[in-house]
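There's a structure below that I have some questions on.
Here the chain labels run A, B, C and D in written order, and each chain numbers its own residues starting at 1.
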Amino acid sequence: MSIVYYPGCSAAGTSSDYEKSTQAVCDALGMSFTPLPDWNCCGSTPAHATSTELSAALSVRNLDIAAKMGAEKVATPCPSCLSNLRLAKKRMEKPEFRARVDELLDEASSAELPQTYSVMQLIYEKYGSEFVAHRVQRPLKGLKVACYYGCLMSRPADIMADFGHPENPQVMESLLRACGAEVVEFPLKTECCGASHGIPERQLTANLSGKILETAQNMGIDALVAACPLCQMNLDLRQKQAGKAMGKEFALPVFYYTQMMGMAFGIKLSALGLNKLVVSPEPVLKKWQAALKEGVCE
Amino acid sequence: MRIGVFICHCGSNIGGTVDCAKVAALAATFPDVVYATDPMYTCAEPGQAAIEEAIKNYQLDGVVVASCSPRMHEPTFRRTVERAGLNRYMFEMANIREHVSWIGKDIEANTNKAAELVKMAVAKLRNNKALHAASFDVNKKVLVIGGGVAGIQAALDCAEGGIPVVLVEREATIGGKMAKLDKTFPTVDCSACILGPKMVDVAQSPNITTYAYSEIESISGYVGNFTVTIRKKTTYVDWSKCTGCGACTEKCPSKKTPDAFNEVTGLTTAITIAFPQAIPKKAVINAQHCKKLLTGKCGVCAKTCPTGAINYEMKDELVTETVGAIVAATGYDLVDWTQYEQYGGGRYPDVITSLQYERLLSASGPTGGHIVRPSDGKEPKNVVFIQCVGSRDRSIGRPYCSGFCCMYTAKQAVLTKDHMPDSQSYVFYMDIRANGKLYDEFQRRAVEEYGTEYIRGRVSKIYPDGKGHLIVKGADTLLGQAVEVEADLVVLAVGVEAAKGAARLAEKLRISYDSYGFFMESHVKLKPVETNTAGVYLAGVCQGVKDIPASVAQGSAAAAKVLSLFSKDKLQSDPQISQVDIKRCIACGKCVQTCPFGAIELFDFRGQQKARVIETVCQGCGLCTATCPQGAIQLAHFTDNQILAEVDALCQC
Amino acid sequence: MSVLAGKELRIVGFLCNWCSYGGADTAGVARATQPTDLRIVRVPCSGRIDPLFILRALLHGADGVLVSGCHPGDCHYAEGNYYARRRLEILKQFLPVLGIDPRRFEYTWISASEGQRWQLAVTKFTQQIHELGAAPAFENAEKLIQIADMALTALRPLGTGQHAALADLKKAIVEKLPELDCVIGWQQSYDAAHSAPLFMRKPEDVEKLVWGPLNVNNLATYLPQYKGKKVGIVVKGCDSRSVTQLLQEGLINRDDVVVFSMPCEGTLDMARINQALGAYQHIDKVAYDEAGVSITADGKEHRFCMVEYAQGKCYSCATPGAVLADVRLGTPTPVTGTPATPPELALLDSMSLSERFAFWHTQMERCIRCYACRNACPMCVCRDYCVAESRDPHWLTQEDTATEKFFFQTIHALHLAGRCTGCGECQRACPVGIPILALRQQIARAVAQTFEGYRPGMNAKATPPLMGFTVEENNIKEKDWNK
Amino acid sequence: MITRYFPADALTKVVASLADERRVLIPVTQPAVKKSVIFAPFSAGMTVELHKASVAPKEAVLPQCETLLTYSKQKDAEDPSKVNLVLDDKPQAQPTIVFGCRPCDARGFAVLDRPYLDGPFIDPYYQARRKQLIVITQTCPSVGTTCFCHWVGSGPNSTTGSDIMLTAIDGGYVLEAVTEKGEALLAGMKLEDGAPFMDKAKTARGTVEAQLAPAPDLTQAQEKIAARFNDNTFWEEQTAQCLSCGACTYMCPTCYCFNITDEGDGVCKAGRRLRTWDTCMSPLFTREASGHNARMSKAQRMKNRISHKFSTYPENWGGEFSCNGCGRCINNCPVNLDIRAIVLAAINEKGA
């Protein structure tokens, strides 16, 4: 069952920490992906804003390479790439659309394109929370966290049907609970953080992210855990702007779930790219290590 | 055989494009036709008189009228020939209006087609036989299923009409959903005050036998002679001894039993009497929470009961009743709203249903009418009502409007203001449906006098803001912007569907039901309380969403139907049913197997098995006649020979 | 008086009173113009329409027949149209083998409110019939003679079953005999080349029991007459399917019948053998060997190997071992592959519609209406009250026209729809050798395609498909009038 | 009586010449997997082959379905209630020759003549056809396994019911007239005299006669079978395998029972009264309007059939059996029921 890995553009750039921690966690779990050679950008938001055929062509080119390699599945950490690759495959089912996309490509794409999955879903489906718990060496004791999926991970419902209820996914919660953390049910986990509006409409993203941070902070959690490079950037990098917009002081570290899992698996912190987090993760790490030393149990 | 043929002009409707005189002339040449004419209006008084005249003068044995659709005037003309002494089945019609004159202007083709349809009718008539309705006696007793307001009304009206009534109610007390309401719109008078006396009338009426905490096990038989088996579910309390004093309910140690009557807004004891005005006012033990039944240890209620009514070994009991008619009034249940994850999916304690809020409002409710937040027991300041939760929503298969939610929400908003003068109510709605008497005026009062804030828009999400409030995010389409309300309590106006188990009951009643479980009426506009199964009537929401006045009206309507059914000592059965030729039947059982109504049975005839049709159950569909290989069973008036005669008249000459 | 020559064709409509007749009324009230050809016969329910009404019309001058009932689920009688849907679909797939163009018959569902849908349906159907033109009359079909090529490859080795455990079978029968009224088997008839049914009541009768390729009779046809008495029966594979089908329809009681079975290695087609033997006065000897039988008649020896002279049905037989048996002797023979199209049906498949019309007309002229085909059929239990010879209902006249005889064959075939196990007795019993099995095989093929490979007589608990229905039908699609 | 001869290859030409003024019924083979030979009119282009017919030539005198009369109702133009009935019951017949049947077929005509012509009521329809019929019978060239004509008073060379005897000799056919009708026909045929070939014909006839196995003595059949009348278990055992279809009776040259039904057109404005073959083996044969059936079980029906042929017919018509021993009922029986076995069993077995 060969799975091809599609890193996505931000992996090399803004979310290199997400990439490093994802690789680390996958190696720790013995999950082998063959990297996709000569991959190209999935088109992200600008492409499908201009033309669906262009966006599909970009994604289909990647899927076609994977298909020709005989891959059955494509794994990607980034929800935006996930949604583009899946949407493209769905649209290619219509013959007239397929014809228009094939025109843009060098050669006609193969009839059967592989399906794309988020790394989180593959970990959960392949291993499940018991196995993950079994791999934990330094449980995330004493940490009270809330999971935040962002709005793309579980929508649109008909294409992402296998990811759980679009309004109330539970995959990240069960993985983190398996890692020993105290996970709080976060009601705004699928609300939009403002995504790419951070550039043209800075105030809008500030409001939306601000509301998420305010509710999270009110729930008295130690850290917010995200799974999307763009959401993490809006909540972490732009936390001050959001604070200003809400007239509040926010100091809420925003981890990637793979960083948290890496910590639980006992991977060297430096290999998890924690240093890249804007809001310092130190208080969380101190609280965690303190809890580990005293063997404090809830 | 002497046949008379009448080719109707129907003014110009037929005469306009069919040469009626020519058709009459052609008809005269058909075999056995001894008289043919073309009257101007056959269905009118003179037309019918002409037919009766001709029957006498020409000693006719059969009449063919070529005019409009038999679905329109077949009954009329059958009565006409009957008045003239002919059997009403010695009559056939040819539809030369809807199927000939109105579908084209080609006179030659129309005239030829009209003549051919008349020839077919004559050919069929020559094979007709006189049919006589069998009469059978009626068991003048009615079964009412469901003790809600509709069922109570039906039972009372029937009892009033001198008919013995068997009332079967699934819960421990009659009263249905209305008994759970605090006040009713639009008059805001107390529900128990207007329902209570009716419930007492039921209890005191000598004609009504009530089986509470009982369900219908099986129904067999036919109109006038139903046999019903009722399962009296075990209450572990001997109701003949129980006086309803309630001593046992105080002493019962198991205090954490969810209070089903109060929609689980509070907890109660394992042995309970639903509510003070319950009829019958008898105790029932909830087996899932009674320590004695679960672990064998306890027995406090048996000790405290002054009359020794408690009996832990009590089992279900099956009782049989014979009735002549059945009224189904099984009411409704709320849609499972927990499928809406965006409203918390049932996880937030302060998001409750309108029925639960009704119990909080009610003085006989768990909080004695004092509105509190289930989470912390504090009085809420901002109460948000959300309309259409599980109604008008195609995505969960409930596209219809539940009808009375807008009105009860307005009432609840008024009551909220009454109970808590400084509270503020918000209502998220799409459209306000207030189309009853005094309804819209009442809703305007909720807005103008009681300051309820109506926000036109859907709610996209409810989430706790971490500080004890519930943020209700929605849109305000009138202002064109998103809106958020910080709510202390959220009341969902949950949509309505048929009562649980309605589908299974429908199969026992042999009536059809739609995909939401509502029972199928005979005709949605003209026969709302009748069904396609003779003797089975409907009342209340089980037939479709409606409010209390309509349910009561249908209760009375169903009772009226039952009383008119029982007004005659004997019932006439439709003679257009199947008959078995005993000689030809070899008891292969194919007809018995395919009859949708179980109207055919095998019986022993001089040592041999033969098939026999139960006249009153047969509906005359003819499936058996098409199934029987040797033609031993023939549907009267549509026998093989009659249909073959029509086919041969077309194809062979 | 008939249709207007040159302007109209003879189209008969069967409409259910509650929905489609009302729909036609609605169309009329809306003054929706429609062609005048179609004459409507009103019936209470589409379930009342016996497919034979439609064949009666098509064989006696109708150019087209349209049936319309309530949409499945709306039937006023709850289930009428569910049964109709299955019966009419099988009829539509039956027409081609008769040589009748299936497009001359359509069935559709139209509710009382769908006036336009009725206008569309009747207009499109009348157009479709006018494109096909007047239907050819069966009486005027010219002469066409074709003979089926009987040699095929069998699904399992054909043999003469000489090393079957006949002695053990006899012992088993004698053991069971006391508790049974009789046991039915085969015995040698007037000479060694003919066998006949044997009714064993005493142990000495059992001695006469024979087993081999001459056991051609399907003994299950006697069982219904013994209903109520305990009886034993020796069965080949095809006979056991008939026993199972009788059980499915409750025409015999399971505990009244004791079934003895041995694996069958095929039966001889006596018609072709008698053809080859020609006229002879005396059978001297019949010797069996592994692959066939050699018959010495009037001193001259004739060699018949099973592979070439077996009956058509034995080549495609998939149940050499009995489907159901109480006493099972011998080792079951493996069957590989799926049955090919039976020879007689393959012949008809190769013909055009008009050729089939001519073929059947020529064949039916030879029929002498002796009804051996009906009386040999184990499923025909109407016995003395068959509609073929009754006045009430009066389906058939006593005229000896080819049409009347052909109409009887369609009555027999449709009465067997979903029930005929393909035992071939009807054709074997026909004294003038008309290949009528092909009609039943075509319906069996249609039933298998329409009801997920259903084959009659394989499972005693199964309900014959036309005696039941499912609300959703996977393989029956509603006619789309917009195409 | 005069004799004629013609060479073998002239067979079709001779038949063709006969067919100029008359309908000539010859045995025609129907190609099929299970061939059958049926008497059908000769038409140009056919080659004549003389095989034993599967179905007896009874059709020539008693067609399977004949119109006894036609009726139509004419309505009075002015008064539709007045109807007059127009009837036409003229028997139709045409001069016919049955060419190439066997003695066991020809004897059938003689058996049918008695009830239809010699009884109290002469059947005009049968008579019309019988008068215009000439039967040219081929003396039996080969005896079949189910043939037992010599048991019942017939034989391979029996002339009963025939007008001309045709005998195949090597190279040609010899015709010998046995009735005036036959002689008149032969005289009119321009063929060479047959006298020189008569001895060859006699030897040919003799050789077939010799092939016959000795026939059992059936002289006691009439009484013995009559005595069997109440022995029901005997008849039940003998008839256990019968399917009561109609194949045996319809193929039989001597079964002459018929059914009469009226068949109208679509709306019964006109119609026909039909006479069609009936079979005593079918339960409908004796079912009365009340539904009562004298012979409910097939054993009773078989008893009637065997008794009629071997007991009651001889009793009524001077001792001749009404079975020709042609064996068709045995050949065509779907369950190979052998009438000989039943008759012998009825005669020989002890029993009541």
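Assume contacts are C-beta pairs under 8 Å (C-beta built on N, C-alpha and C of every residue); 3 or more make two chains touch, one makes a residue touch a chain.
Small disclaimer: the values here were computed from a predicted structure and weren't measured.
A.B. asks: Listed by label, which chains are in contact with chain A and with chain D?
C.D. replies: Touching chain A as well as chain D, we find B.
A.B. asks: Among all chains, which one's averaged Cα position is nearest the averaged Cα position of every protein chain shown?
C.D. replies: C
A.B. asks: Taking each chain's centre as the mean of its C-alpha atoms, give the chain farthest from chain D.
C.D. replies: Farthest by centroid: A.
A.B. asks: Considering B-C alongside B-D, which chain pair is linked by more C-beta pairs in contact?
C.D. replies: It is B-C, judged by the count of C-beta pairs in contact.
A.B. asks: Starting from the mean Cα coordinates of chain B and chain D, work out the distance between those two points in Å.
C.D. replies: A distance of 72 Å separates the two centres.
A.B. asks: If you average the CA atoms of chain A and of chain C, how far apart do the two points sit, in angstrom?
C.D. replies: Their C-alpha centroids are separated by 65 Å.
A.B. asks: In whole angstrom, how far does the Cα centroid of chain B sit from the Cα centroid of chain C?
C.D. replies: A distance of 46 Å separates the two centres.
A.B. asks: Taking the mean of the C-alpha atoms as each chain's centre, how many Å separate chain C from chain D?
C.D. replies: 33
A.B. asks: Enumerate the residues of chain C that touch no fewer than two other chains.
C.D. replies: 383
A.B. asks: What is the complete set of touching chain pairs?
C.D. replies: A-B, B-C, B-D, C-D
A.B. asks: Where on chain D does chain C make contact in their complex?
C.D. replies: Those in contact with chain C are residues 30-36, 38, 52, 54-55, 64-65, 142-147, 211, 213, 237, 240-241, 243-247, 249-251, 259, 261, 263, 274, 276-277, 279, 282-284, 287, 293, 330, 332, 334-338, 340-341.
A.B. asks: Which part of chain A faces chain B closely enough to touch in the complex?
C.D. replies: 165-168, 185, 187-188, 191, 215-220
A.B. asks: Mind pulling up the chain B residues that touch chain A in the complex?
C.D. replies: 341-342, 344-345, 347, 461-467, 471
A.B. asks: Can you list the chain C residues touching chain D in their complex?
C.D. replies: Touch residues, chain C against chain D: 145, 147-148, 150, 189-191, 194-199, 217, 221-222, 269, 271-272, 275, 279-283, 297, 363, 366, 368-372, 374-376, 383-384, 389, 391, 397-400, 425, 428-435.
A.B. asks: In the complex formed with chain B, which residues of chain C make contact?
C.D. replies: 1-4, 7-8, 10, 12, 17, 21-22, 24-25, 27-29, 31-36, 39-45, 47-50, 53, 56-57, 60-62, 76-80, 83, 87, 249-251, 381-383, 385-387, 390, 392-395, 415, 467
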